[in-house]
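Next come two complexes, and both contain chain A; in the first it sits with chain B, in the second with chain C.
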Partner chain A sequence: MTGQILARFTKPLGDFCLDVDLSLPHRGVTAIFGHSGSGKTTLLRCIAGLERTEGSLSVNGEVWQDANRFLPTHRRPLGYVFQEASLFPHLSVLGNLNYGRKRTQQEHRVGLEQAVDLLGIGHLMDRKPDKLSGGERQRVAIARALAVSPRLLLMDEPLAALDLARKQEILPYLERLHEHLDIPVLYVSHSPDEVARLADHLVVMESGRTVAQGPLGEILARLDLPIHLGEDAGVVLEATVAELDPTWHLARLNFPGGSLWTRDSGLTPGHSVRVRVLARDVSLALQHYEHTSIQNVLPAVVEAMAPDDHPGLTLVRLKVGGSVLLARLTQRSAFTLDIQPGHSIFAQVKSVALLE
Partner chain B sequence: MKPLPILLFFILLAVVALVSLSLGKFPLPIGEVAAFLAWKSVGLGHVQPDRLPLLENIVLQIRLPRILNACLVGGALSVSGASYQALFVNPLVSPGLLGVLAGASFGAALGMVFLKSWFAIQAATFLGGVAAVGLSLFIARIYQVRSTLMLVLGGIISGAFFTALVSIVKTLADPYTQLPNITFWLMGNLTLADRSTILRMGVPILLGILGLLLLSRQLNALSMGDEEARSLGVHVEWIRALVILLATLISTLTVVLGGIIGWVGLIIPHTARMLIGPNNETLLPVSALLGASYLLLVDDLSRTLFTVEVPIGIVTSLVGIPFFMLVMKNARKGWQ
Partner chain C sequence: MFLTQEDVQALILTARLAGTTTAILLLVGTPVAWWLARTKSWVKGPLASIVALPLVLPPSVLGFYLLLALGPQGPVGRLTQWLEISALPFSFWGLVLASAFYSTPFMIQPLQAAFEGIGERPLEVAATLGAGPWDRFFTVALPLARRGFLTAGVLTFAHTVGEFGVVLMIGGNLPGATRVASVQIYDYVDAMQYAQAHHLALVLVGLSFLVLLVLYTRRSVSAWSKV
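Moving on to the complex of A and B:
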């Protein structure tokens, strides 16, 4: 089928067994999320053909693997970014970028300049890999994977080997890839933050199986997500910058169903942004209180409730116009306020994390 | 590929070859040898006519084949060592890794005991080397793991097996006639090959070296690791198979030409890598030229140092080990 990546694999590996059946959109970033040992890297390696296993795989209608054929890795038009970048030590950055490029002369859908520009490595072209920082090396490795003009880009926790500062250095570049390229990306990660920032589509894995797959917003808003995000539970909203308040350095963001005020970090009106609202930052009130420090109060309807990790807590799913928010509160407040599905209520949003 | 270092090392080899042509029991002035060669090849230069038969005899008939032999053996062992080191991304690897030298020794020993003709012995040597590598590949294959570790272990097993077989042949050999021959051969010796053998082995050796030089760009890709190379579109299995085939071929042929000559295939690639870096496109040709020059120099020592010629395998070890200890300190340098 065109427009889709269809992957079905079964691979017994001792106690562990990979058993997945995925149909993913052939566009945007699909995050494969799960804890260590959940099989996400194995899945990525199967898709790359680095692991040979039973199953089938087709990318946008092209069969890469089925019962009769197995396209070896070197013949699959893909780019693979490993956790730790390994570059050719004897070649300059430019030489490294050109290396893979020479093998794919037939189609150049990503220009070398574009790859260099997107990753911001223009000033490094003449350097040798041993003169690069960890973050720079990884950016070169990503650019090299892009420069071969892949039809599918696979990224295996590209930030895992880097410290927090280096991660923050690279994330904006990854977001730019997301905006400017139409190559589908499969992104393996165990970081809820990276997933919230980058993904459009989410596959959640546990013990070799997929436990949820679907659009990011939909999956994150599920209460029964079998993987516990704990402190990181929350939703991601797509919003547009509606107005700026220069006096108080605030910006109003419109999302389907309402609007939120947030700190203005140099936003441009009309631009779309992605924001993350954590469940722990949302509290509930029966009335719209005037005398509160919380700026964002939204009318909402309780959709569903579910027990949280801790027996004293509960997760509440709220419908705010066309969007969904999650709120975390104690069982006791839920009882005292008599919060029940169907009730109308006010959601107080304490903080909003701007993701891009 | 950097042409400059290759040119420099080519000049080095030419100078060493010229010096080697003038050295020997009957010393000749270098200038006269150079003039003779110039006159012989392009018709320029002046040589005293009454010296011509002498020069013709010593330079062309006696010394040139020997020098070609040393160049072929040194070059082949070094290129094969450099290729193996790149393939296994390991500085400890030498051409004998997959058991080729042990296998060839067995072939040679067996030939000397049971076969009559020189040619049959050479053929047995070659087949022995190929058989040993075949065995190590087979052992690696049994476990169906396409990893380099399995290959290395397979090589160790195969090498040990064929070394044992050599000992068996030695015990069977006639201790007065055959055993000394075998022992002498295993020490490494450039005097054994005659002109026709050198020509017969020279062509495939040069072709093998050329093949490895053509694969040097692909070898670079493997130095990054299998999976990265594959994800960049490199056909890893094919390249590995070809490199092993060619490197095995040429190192077996060196055993036919000069017996077992150790250390060259380990030291020279290392030294070359330290001098010009890890890029195989330059490293392989420079290794070939440096290896040829080195073995020529060592051969000069082995034939001039004492009145009796010392087997070259002994000299390569005696000269090579201290030399290697000197450069070992910087051994990591060339890999970065």
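Moving on to the complex of A and C:
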């Protein structure tokens, strides 16, 4: 089927078995999320053809693997970014970038200059990999994968080997890829933060199986999955900057169903931003209190409730206009306030994290 | 002159023998080392043991079996007779063949270690960048293993220069054809011509030291520049 990535694989993996049947959109960023050892990397390697196993794979209508054929990795029009940059030590940065470029027959939809610019590595071209910092190396590796104009970009935890500062250095570049290039990305990660920032689509894996797959917002708002995320349970909202309040250095963000005030970190009115609202930052009130320090109070309807990973806590899914929020509160509060599905209520949002 | 004409002849023959042996072993040993470095087959253990045998066998044992194989009753001997080419024992090419067997581990073991040191990752990266198996070998594996090639080449060459027992068993002592430097020295000593033995021996010591010096300085320099 065109417009889709259809992947089905089975492969024994230590204690369990990789057993997936995925149908993913052939656009945007699909995050494959799961804890270490859940089979994410193996899945990615199967898609790249680096692991040979039973299954089938078609990308945008092209069959890469089925019962009769197995396209070897070097014939698949893909880009792969490994966890470690894995640059060729005997080649300069330019040599590394050209290695794949020279070997791809298809037209180059991504110019070398474009890849270099997007990753900000123009000044490094003549250097050898051992003269680069960890962050620079990974940026070169990403540019190298992009420069072949892949029809599918596979990224295996490209930030996991880096420290926090280097992660912060690279994330903006990844977001730029997302904005500027029309290349579908499969992004393996165990970091809820990276997933919330980058993904449009989410696949959750556990012990070799997919627990859930779907649009990011939908999956994150599910009550049965946030348990796996623990402290990071929360939703992501796509919003636009509606107005700025220069007096108080605040900005108002409109999302489908309401608006939120947040600190103005140099936003431009009209721009789209992605915000993350963690369940632990949302509290509930029966009335709209005026005397509270909390700036964001939204009328909401309780949709559903589910036990959280701690017996004293409960997760509540709220409908706010066209959007969904999650709130984490104690069982006792839920009981005292008589929070029940269908009840109208006020959601107090203590903090909002801007992701872009 | 310091060296007699026979000495020079013996030195040239030694260099020719060592050079030819190294070249042949490079061609034959590289694929074997590559295969040994990457296979998971059960054959790996037995094959690696065969490759290492010349390290422990007395050269006379190896030479003895080779002589039997190459002789008129041996399989190789019959083959050369059938092909109507001259017999291999007591000839230069017989020496080359024997030396190649004798020096096999010195070529294959460093190469295998170098290939193993590269690991799977660079080759996988190359595959994801569109490089087929041959392409990966020549553009990634060979350049990354170049230090292993240098070591293997120098060791093989030097080891062939230093061999004695196998040469005597297979090649004998024919001036200009099979009398290499080590045999020439033996002859001098046998004939109590210690002064001549000294000269040739000193040349060998000097040359060997130079070769190894180049190898080890290059090594430490490149190792140092990696820091």
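The definition used in the following text is that the second predicted complex is superposed on the first by the 352 of 356 C-alpha atoms of A that agree within 3 Å, B and C clash if a C-alpha of one lies under 4 Å from a C-alpha of the other, contacts with A are read in each partner's own complex, and residues count from 1 in each chain.
By definition in this document, a contact is a pair of C-beta atoms (placed from the backbone, for glycine too) under 8 Å apart; a residue touches a chain by one contact, two chains touch by 3 or more.
No experiment lies behind these values; they were computed from the predicted model shown.
The superposed arrangement places chain B and chain C in clashing positions on chain A. By the document's definition of touching, neither partner reaches A:G37: not chain B, not chain C. When the two structures are aligned on the shared chain, A:P25 is found in touch with neither chain B nor chain C. Contact with both chain B and chain C is seen for A:D130 once the two complexes are overlaid on the shared chain. Judged by the touch definition given at the top, the superposed model places A:V148 against both chain B and chain C.
Annotation: chain A residues 48-50, 72-75, 78-80, 82, 86, 88-90, 99-100, 103-104, 130, 144-145, 148 touch chain B in one complex and chain C in the other.
Within the complex formed with chain B, the chain A residues making contact are 48-50, 72-75, 78-80, 82, 86-91, 99-100, 103-104, 130, 144-145, 148, 154.
Those residues of chain A lying in contact with chain C across their complex are 48-50, 72-75, 78-80, 82, 84, 86, 88-90, 99-100, 103-104, 130, 144-145, 148. Residue ranges of chain C in contact with chain A, taken from their complex: 121-122, 124-132, 135-136, 139-140, 143-144, 146, 226. The touching residues of chain B, when paired with chain A in their complex, are 220-221, 223-225, 227-236, 277-279, 335-336.
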